[in-house]
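Input: one structure, supplied below.
Chain naming follows the written order as A, B, C, D and E, and within any one chain the residues start at number 1.
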Amino acid sequence: MSWQGWAALAFWIATSALNATIANRWGGARWARIFVPVLFGITLLVLWQGVVTGLGVSPVILPPPSMIAARFAESTALLWGDFAQTILKGALAGYVIGCGAAVLVAIAVDRSPFLQRGLLPVGNFVAALPIVGIAPILVMWFGFDWQSKAAVVVVMVFFPVLVNMVAGLAATDALQRDLMQTYSATYRQSLLKMRLPAAMPFLFNGLKIATTLALIGAIVAEFFGSPTRGMGFRISTAVGQLDMPLVWSEIAVAALAGSGFFGMMVLIEKAVTFWHPSQRVK
Amino acid sequence: EEVKLQLKWVTQAQFAGYYVAKDKGFYKEEGLDVDIMPGGPDISPTQVMAGGGADVTVDWMPSALAAREKGLALVNIAQPFKHSGMMLTCLKETGIKGPEDFKGKTLGVWFGGNEYPFLSWMATLGIPTDGSAEGVKVLKQGFNVDPLLQKQAACISTMTYNEYWQVIDAGLTPEDLVTFKYEDEGVATLEDGLYVMEDKLKDPAFKDKMVKFVRASMKGWKYAEANPDEAAEIVLENDESGAQTEKHQKRMMGEIAKLTMGSNGALDPADYERTVKILLAGGSDPVISKAPEGAYTLEITDAALK
Amino acid sequence: MAAIPIIEARGVDLVFQTNDGPVQALRDVNLEVAKGEFVSFIGPSGCGKTTFLRCIAALETPTGGTLKVRGMSADDARRERSYGYVFQAAGLYPWRTIAGNIRLPLEIMGYPKPDQEARVEKVLELVDLKGFGKKFPWQLSGGMQQRASIARALAFDAEILLMDEPFGALDEIVRDRLNEELLKLWSRTGKTIGFVTHSIPEAVYLSTKIVVMSPRPGRITDVIDSPLPRGERPLEIRDSREFLEIAHRVREGLRAGHAYEV
Amino acid sequence: MNRILPVLTVVAAIVVLWYGAAVWLNSKWVYDQAARAGTEVTTAQLISETMAQERPVLPAPHQVLAGLWDGVAGQKITSKRSLVYHGWVTLSATMAGFVLGTAAGLILAIGIVHSRAMDMSVMPWAIASQTIPILAIAPMVIVVLASLGIKGLVPKAIIAAYLSFFPILVGMVKGLRAPDGMQLDLLRTYNTPRAAVLWKLRLPSSMPYLFASLKVGVAAALVGTIVAELPAGATAGLGARLLSGSYYGQTIQIWAALFAAALLAAALVAVVGALEAVTLKRMGMAR
Amino acid sequence: MAAIPIIEARGVDLVFQTNDGPVQALRDVNLEVAKGEFVSFIGPSGCGKTTFLRCIAALETPTGGTLKVRGMSADDARRERSYGYVFQAAGLYPWRTIAGNIRLPLEIMGYPKPDQEARVEKVLELVDLKGFGKKFPWQLSGGMQQRASIARALAFDAEILLMDEPFGALDEIVRDRLNEELLKLWSRTGKTIGFVTHSIPEAVYLSTKIVVMSPRPGRITDVIDSPLPRGERPLEIRDSREFLEIAHRVREGLRAGHAYEV
């Protein structure tokens, strides 16, 4: 390994130490919450750059971040078009429909013991159909455009949200349920005022996992047929053209979008489940 | 001596020559131990080569030349396929009779390195592929021929030896279809050739190994041409997924034989020049921007065919 | 006192099945409570007071005997929203503010919005928590949480009020005040009240009927009908002879229950 | 009986819907064919023809069942056409990946709950890692590992682990933080070492979260394995089976492989569910 | 009583930040407790008793003033495992049996296995829960849970025992018995005990020092050093003149604290 590699390693050790100190000393501060992950990210990138150039890895296998950044900068219009097609249309629509359906089904399942025993195993089964298997089928059914991508996302996010929501709806304690009993609350009332709030910490678990699944689903579905735009389309064609910097630019867009999406859910979660011990402990 | 061969696609009669050579012991006779690695839709042979995962790969020339321009120095050492099997298959009911009817239609195209012949053809025809009114709308075609059967596309890409027959098997008759062979349209590019990394060729030992490999492979190909049914069965035995059917593979072998016929393994420089010319003709956005140099060598086949 | 019984238990038995074998929590409990009575339950820890209160509220189903409330089954009475229940633990919902917790039963029972606010304010004041309506449960002291849960049960008009050691975590002075308030509320509304306590003076001061229980299996050992006047009872009554006599009788009953243990 | 009846009812309902959908979706082809041949179709013809196509848009349930049955029972289990063989190939990689992913998820979650630095720096990047489309990098992973001489089960397990560690991580970070203030305070008064806090409080109270995550994680591991099987040269495994089915347009084979995979997933989730029931019961938390 | 102070608070302040503005829970609290004392804290609900106890145990950090325990910071004292703490709510871990809950601190502090069993048995007996070791918390009555949590704190040898209303949910008789047991334990072991209660007689009966607090912001209004004899105190002492005098003084102090409220 040449000097770039060693320099990167040294940088890595130095920044890790710095990060640990900052986190321990100023962990609560706002600037630290931003600074630490950013520095960590920069470290990863420097390490990557150093190792790739240091070991002389072919850019056809793994391009260095500098090359990716250059490609990113020159193709922003292309990247934006792909982003709109895949994420704004496919992933978002699918996410909303899939999560909504999962919550509704979870409630139906919670409501009726019959469904609980009948639908849950079957639901588990249906939801466990692997996406790579259903994606071609859904493309066949819903056509090449974003609708079929949304359908794939629906199927992908459904299961994690369902499982968590069902667990959440069962997460009330005996005393809380007894209270509703004494009021002779209707099912609707105890759902709205007790089970749903109590289920929120679990639901957000599912919703957070689903954000990244939605992105993966929308992108992967484009591998099985798509119009000539979209992130998955671009990735698969660029791989064929050995344009790895473009591939990684798309991946960077996906990572940015995913982190933003996830971060948004975390913020909403904070606002909704402020009362949960996991949010209260400093 | 070990040789790792990366195929362009899954195990099927398209690669019968190599499986026959292995099964019949032609490689062993040369003292070679060949590991045949099937490919798939997500495997880019060029990338495997770049990663050092294989010694030699089966690829199409457009994709190999494009990679070469990107800095991955692939060199053609042999060309068992003389003819192109690629075509566009259209539904007659869409009213398409000739290339002039493509305008405004939706066409299915393979990407991932297989789109170059199509793009070159459209460029020669002067039809834009951006979906505009006077152009064609391009779909990234998935694994199979469903878009045609579902009428999601007016035409799809097919190979004479494979997808075309899937359309027929699905219940359509040749009369329902209109086909455009790239050969007939004068835009045929070279398909399945053998490619290695340029720097490795500097090593005489490697060169020698490739000579043996090409010799045994061509022996396999000629055996397969002569005994198509036996070759198809050898392929079936080597298919680990157990998904291929005998009927389909035997028919495929028959069609493949038509494409390898007339090649002794040596690349015909005239075919090469034609391919390069087609690829350079791509209008505003040609597949390659200048004629490549050193993209093939006849040394290996010359030695192998002595 | 010879009115129609509002609670009527005949030979009530309750056995819990546990990993460790069955536990007989109640055995052959017989009790009649007339409408408008104030019944206190007193007995050593673990004798089944909570369990019996839960049976009345149809939160637990007796494994034997019959239990009628307002002439119907306990569960039907529950469906008719006959109960206000103060649990032994506060059991406030952590996602609602104190005011929100108190408003909960009002929302469920469909009280009109402005009425809800007025009632919340009123009971918050009653239990000395004015100004704490916007706090969350975990921001309150133990006693304050308990008072909030009392307020929650008082906010709506249930015919039967069941209170499981509601004043356990309160100091004498607040407790005395709440005792007085409770008596006022009771004589004003004519509710029937079931009240679990460990304080003998509290039981005697409040009740028209005192039920003494003994442990494992929980049974009723004594039922004392109080001769003290109904309605307003000044705190000073606790020094009267009658009061002390009843208190003595209760203490003896309690001690007997403990006898075999201590 | 109590458990079977509802399942049967739901399954029956789905089968009925499915047949309806099969007739509806496959009818277009029948009509097209009739139009090409210039003939008319009667309803009876329509129904019988939509149920017996070789490449249906949606195969009828009995066709899928027949395909499954043929794949499971119609072959020697060592045969390359046996779904049991392919299922086993997939299952072994899934299990290896799941174990790996669970371990990674747990260790990271424990680290994040205990170290502020890790919480602040690792979590955002763990999230980013999951937004990388796996199908895009799976081939690269396979290629790179293959060039290092690592082949077969390990690359698939790595990709399965990559997909399954994330649900575990997210769930366990939440679960390990679920103990309430008083439960933590109690241990503080004992000056409990962190390891003991983890072991005696955080882990037990995270159990409901753990099992919910494990269920999602095991399903994700299966998806990962199948994804990894696509570019692994379409050799063995349910993923390869799906792919070659797709490639040759053999709808019935796709659906049979799909069902085999789903059955596998359902079985794995059921195993986790059984484990959950036993654990919660032993912890006195079963209801 | 002029011994080295084991707890020493100087001008302790504590402000909670809430969604609703800051809450001053403690203001300028000054207190000295000598080793081996039995200090009771009494005061109206919400006055800061729990908060002050939590400060001593380093579960809360004062926002002002200094607090020393055993000559060091409260947190260092915590690290040396100086505290046994009985919380206001039982706080048993639901996944552990009663015996398992009591064994918890013993496991953490590394008591040898056979010793653990012996201690668990002993304290279970002390709080009258023999035979309930294998039950889970939710299978116990409220009072039984509270006793289990007392047992948990008594199972190991902490120098300072902090108890937050430990006997709130117990009946008089059990309470009397446990009071006696606690006194015995205290005089046998010489522990320092901090004890929150709402019962004036209990505070007077048990303590060598009674701290009366008044609410919002919580401060100390009176500290009474008891003239009652240390060591064994018969229950009858509660009828003595001295006892009644102290009780009166406490009651007055309490009433004063309430005055501005009621």
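The rule is simple: a contact is a pair of C-beta atoms (placed from the backbone, for glycine too) under 8 Å apart; a residue touches a chain by one contact, two chains touch by 3 or more.
Predicted, not measured: the structure shown is a model, and the values here were computed from it.
Chemist: In this assembly, which chains make contact with chain A and also with chain E?
Modeler: The shared contacts of chain A and chain E, listed by label, come to C, D.
Chemist: Starting at chain A, how many touch steps does it take at minimum to reach chain D?
Modeler: Counted as steps through touching chains, the separation is 1.
Chemist: Centroid of chain C to centroid of chain D, CA atoms only: how many Å?
Modeler: Chain C and chain D have C-alpha centres separated by 52 Å.
Chemist: In whole angstrom, how far does the Cα centroid of chain A sit from the Cα centroid of chain B?
Modeler: Result: the chain centres lie 38 Å from each other.
Chemist: Report, in whole Å, the distance between the mean C-alpha point of chain B and the mean C-alpha point of chain E.
Modeler: 84
Chemist: What are the residue numbers in chain A that touch two or more other chains?
Modeler: 61, 136, 140, 223-224, 236, 239, 276, 280
Chemist: Multi-chain contacts in chain B: which residues touch at least two other chains?
Modeler: 41-42, 44, 47, 51, 142-144, 146, 150
Chemist: Which chain C residues sit where two or more other chains touch them?
Modeler: 19, 89, 136, 138
Chemist: Give the list of chain B residues in touch with chain D in this complex.
Modeler: Listed in rising order, the residues of chain B that touch chain D are 10-11, 37-44, 47-48, 51-53, 142-146, 149-150, 166, 169-173, 176, 239-245, 248.
Chemist: Note which residues of chain C are touching chain A in the complex, please.
Modeler: Chain C residues touching chain A: 54, 57-59, 78-81, 83-85, 87, 89, 91, 93-96, 104-105, 107-109, 136, 138.
Chemist: What does chain C use to touch chain E in their complex?
Modeler: Answer in residue numbers: 16, 18-20, 23, 42-46, 49-51, 88-89, 128, 134-136, 139-144, 147, 164-165, 168-175, 177, 198-200, 251, 254-255, 258, 261-262.
Chemist: Given the complex with chain E, which residues does chain D contribute to the contact?
Modeler: On the chain D side, the touching residues are 182-183, 185-193, 196, 200-201, 204-205, 207, 283-285.
Chemist: Using the touch definition from the top, list the residues of chain A that touch chain B in their complex.
Modeler: 58-61, 136, 139-140, 143-144, 222-228, 233, 236-237, 239-243
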